[in-house]
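Below you will find the structure I want to go over with you.
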Amino acid sequence: MVNAAGTPDLTSRVGSVVLKNPVMSASGTFGYGLEFTPFYDISRLGAVIVKGLSLLPTPGNAPQRIVETPAGMLNAIGLQNIGVERFVRDVVPRLADAGATYVANIYGRTIEEYEEVARRLSGVASLAAIELNASCPNVKEGGIAFGSNPEGLSGLTRRVREATGKPLWVKLSPNVSDIGSVARAAEDAGADAVTLINTIVGMAVDCRTRRPGLSNVTGGLSGPAIKPVALRMVWEACKAVRIPVIGIGGIQSAEDALEFLLVGAAAVQVGTANFRNPNACVEIIDGIRAFLVRERLAHLDDYRGTLRI
Amino acid sequence: MPFRRPRFVNGRILHNGGNGIFYRMEVSIPDRIEFLPGQFAMVSGWPGNDPLLPRPLAIFRAGGARGKGTVEFVYKVVGRGTALLSGLHGGDPLQITLPLGNGFDLGREDRIWWLVGGGVGFSTVFPAAVVLEEQRAAFEVFLGARSRDQLPPREWVPGGGTPGRAHLCTDDGTAGFFGRVTDAVRERMDRLKATERARLSILACGPREMLREIAELAVPLEVPVQASLENHMACGFGVCWGCVTAVRDGEKTAYRRVCKEGPVFDAREVVW
Amino acid sequence: MVNAAGTPDLTSRVGSVVLKNPVMSASGTFGYGLEFTPFYDISRLGAVIVKGLSLLPTPGNAPQRIVETPAGMLNAIGLQNIGVERFVRDVVPRLADAGATYVANIYGRTIEEYEEVARRLSGVASLAAIELNASCPNVKEGGIAFGSNPEGLSGLTRRVREATGKPLWVKLSPNVSDIGSVARAAEDAGADAVTLINTIVGMAVDCRTRRPGLSNVTGGLSGPAIKPVALRMVWEACKAVRIPVIGIGGIQSAEDALEFLLVGAAAVQVGTANFRNPNACVEIIDGIRAFLVRERLAHLDDYRGTLRI
Amino acid sequence: MPFRRPRFVNGRILHNGGNGIFYRMEVSIPDRIEFLPGQFAMVSGWPGNDPLLPRPLAIFRAGGARGKGTVEFVYKVVGRGTALLSGLHGGDPLQITLPLGNGFDLGREDRIWWLVGGGVGFSTVFPAAVVLEEQRAAFEVFLGARSRDQLPPREWVPGGGTPGRAHLCTDDGTAGFFGRVTDAVRERMDRLKATERARLSILACGPREMLREIAELAVPLEVPVQASLENHMACGFGVCWGCVTAVRDGEKTAYRRVCKEGPVFDAREVVW
């Protein structure tokens, strides 16, 4: 609805979760959200997705953890995090105070751990949803074992679905032959939405020292380099499932975000772009709004999924 | 009002020039900043996404007035990002997030300060000299370089490089002390009276190897060392966990973010 | 062997095929090789891999066929080519005259067509090997149907293996969950080498016109953007099979090529880099030689596969 | 010796400047080239891989002597690649592959030539005027632009833009003929005697829409049109098959490479 000032309506729905706009921060690239408060009011975001949480605090991988690649970067952070207890105790009240819509990204080394983390978060009233990371390539137990085939993903999703009443988003790995069937597996197992893509497994080496660039040898590729792959997979997932699809991968600008919305994404997440420009998310929100004004569209809904083939 | 909390600003280059080894760049920014010596900025100024990540540079100087700030960086061309920076001209835009990290703690009174810079590490410790000069604190500067031409221009050195206060060291002996800066520090330490040593604090920035040696030298003598680390960074403000260093956490080791809990660490904490 | 002038020995073996150096042009980025003769003597290359050949001349896809992406490009050429007959009649004699070592990249819409093309080429004495494209993402019948799972690939490889006595290289798709098992399937079915990676399926859209960037909607991503993914897959393939692995994907410089050799590739191919710099391949050869001189290595073999984990 | 077969050269920018709309860049290259009007170069000069592909630009002029050539381009900033080019300075390096493609065929004697340029398309047709002037052939120039400021500077226009020989057209009427360049061509065609029309040949470069209209106008009158297409290109020398256009091939249509079989096509062949 265009209000008096002619401002288009960016409201976006991810199942039962209503977002004031379609732009969320991607897990692992936004800390616990609070780190951004010097830059802007984080309640302006569609949602904040926090760094992946595990049952216990996790130290993460030894350095070197990041390496730059052409228009991208590899990371092997190894899911360093403060654990779900400290998150609930120290972070949740501050996110709630900040008025942020926020989502907890979770992972476990076992299905039981996933369930336990989900259960622990179920009672957190201000938490909007749980995003199940079934696709971290950087820890042996980080979900990739579950996420790289439809059967594994289905089992995990079903169990976590039963463990929590919170809206459940399942984050998919792009390291698969057929993203459509993986997305369908998540849908069939009760996911409220699928989020994709997580990083693509990659590797860097130094030809002089003859050593890998990352202590973990392989890592996850993110950034503009992967945008074409992400966009294709989001498009395929949108065709494969009826639940909402949240698009991520290489989004740097409002145009990039609009591309994902155009192929059918319900909302988007912005990851690596936050590193170069901490204001990336809010600039993207403003850019989407300006685009809709130029295109004379009152609702983002009038634009979403209107790709002309 | 000057800002101390980090901000992302669009700057514009005022000057950018160098002697082929070191470059100095002055940038106008929308507002004046206040920073602590040792704090840094994340800088990117090239079009396109390759390279993708901003580069961390110590804040060398800041000035200007309300609504019209300036900031200066000193850098060395070591790879693609710094090469791109060196190709920028006055008038070109520059994106900067600043000020970031924890600077040096210069609060302790009546201390003797040694500022140790290896390579371009001087750009991190010189701003501390400016503050110490204002506080009329006693300090000496130790600078290490491979050879004469790799030393900073004399006019950048606090106190103009007065012998006795500025110890210049070159690996090849082409200027100053013939040897590594750590050797110079060790020699000077040996000549120090116990009463002086008790008042000594070291601020250091340079290659990790150099920092480790300084730590090994000073820590057993109970001389506090504040070491500024130069790890690779993606974000620079604590949200990616990419820049960590191992530190002692009781019995265990833990990973701390260099950009957030650092870049200045108590040398005793770091697992070198 | 360092000769009198101290020149390191770059000789590289891909099974029975001996290459004077490890640098080949990648199929589809080098025409039929002859287009490069204004730039340099193509006999200097390890080998020329020609544009994918089909049984009959193929018109290819309608334009728009290419679109640029961050540090990469998408293509959906649709395998436009002159067909195997004209290739043998018009191109082969000129490649042979030029003294080039050359390899025919082939594809078919059916297994029978693959066999037929392979048979037709078997009698071409100067042809060094056949590279079976089981991974073109841009034509429905272009091999991706065969290449995206171990079973399909195994069947195809076995049949073509029986149809020709030429050394058979199988070019793998990166759009799979587990590159190792796909590489093993090719090995078990009789491939003499595996080549990887082909392009990663991607997509681009224009947020203003709301249309896809490519007439084919999806296309294959190539260029520096994919190098980290290619390097990881080549490393995994090297661990999975005993036959030689030929590495491709985003190689632009001697350093890039050395990275693939370091993780174990027998040889490399250079694709998209030829577009920006037609001399890319020979500059890479010279760069590898200079690197070995600096590292005081007499043989490239002393360097290959020496990654320190 | 000047080269005509394509080469990849490392050039160095001599001048690069513009009026905000059009830029003109002169580059020194290792040797003198010979080119046909309508031939082009693939140009890249930015560091990093984003953007990745070189950009096609018509060769506007070439000069120099043995072992010391120069080449000039005229371009308009329409996107990232051309924006990057416009930011380069004298002394900066530039990678160029040239000369590429088939130029215009100016060999037919005793013809009347019309050179039609839409937008920056003039940069492709003006070099033909230089040759025609040398051959003392009769020609007229038609230039179309959105508005006055989008027309090329008068001093670039062959014959200095003499009215009667140079027909300037603007969509908004701010200069010259009020309307599209195709309308100006049509009007002039209507006034042409049959004997003149029989000797007429058109060379055209501009938006595909414009070229199509010129073809629809001229082909039925049996006026030959050589149209230079501006498709997207990856390689520019015929090895990627990315730049194709549909042409009539007997009963069927076939795809021809604009960079190799073109960029100049007989307008009758093209499937518009």
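The letters A, B, C and D name the chains in turn, as written, and every chain counts its residues from 1.
We adopt the following convention: a contact is a pair of C-beta atoms (placed from the backbone, for glycine too) under 8 Å apart; a residue touches a chain by one contact, two chains touch by 3 or more.
Bear in mind the structure is a predicted one, so any value in this text is a computation, not a measurement.
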Counting C-beta pairs in contact, does C-D beat B-C or the other way around? C-D
Separation of the C-alpha centres, subunit C versus subunit D, in whole Å, is 36
Between subunit D and subunit A, distance of the C-alpha-averaged centres to the nearest whole Å: 47
Between subunit B and subunit D, tell me the centre distance in angstrom, where each centre is the average of that chain's C-alpha atoms. 53
In subunit D, the residues touching two or more other chains are 48-51
Hey, what residues on subunit C touch two or more of the other chains? 69-72, 223-225
Between the chains shown, work out who touches whom and classify the graph as line, ring, star, complete or other. complete
Touching residues (chain side subunit D, partner subunit A) in the complex: 48-50
Under the stated contact criterion, what part of subunit C meets subunit A in this complex? 69-72, 74, 148-149, 175-178, 200-205, 207-212, 217-218, 221, 223-229, 231-232, 235, 250, 255, 258-259, 262-263, 291, 295, 306-309
Of all residues in subunit C, which touch subunit B in the complex? 70-71, 224
Subunit C touches which residues of subunit D in the complex? 5-8, 42, 44, 48-54, 95, 97, 231-246, 254-255, 260
Contacts from subunit D onto subunit B in the complex sit at residues 46-51, 80, 83-84, 87, 89
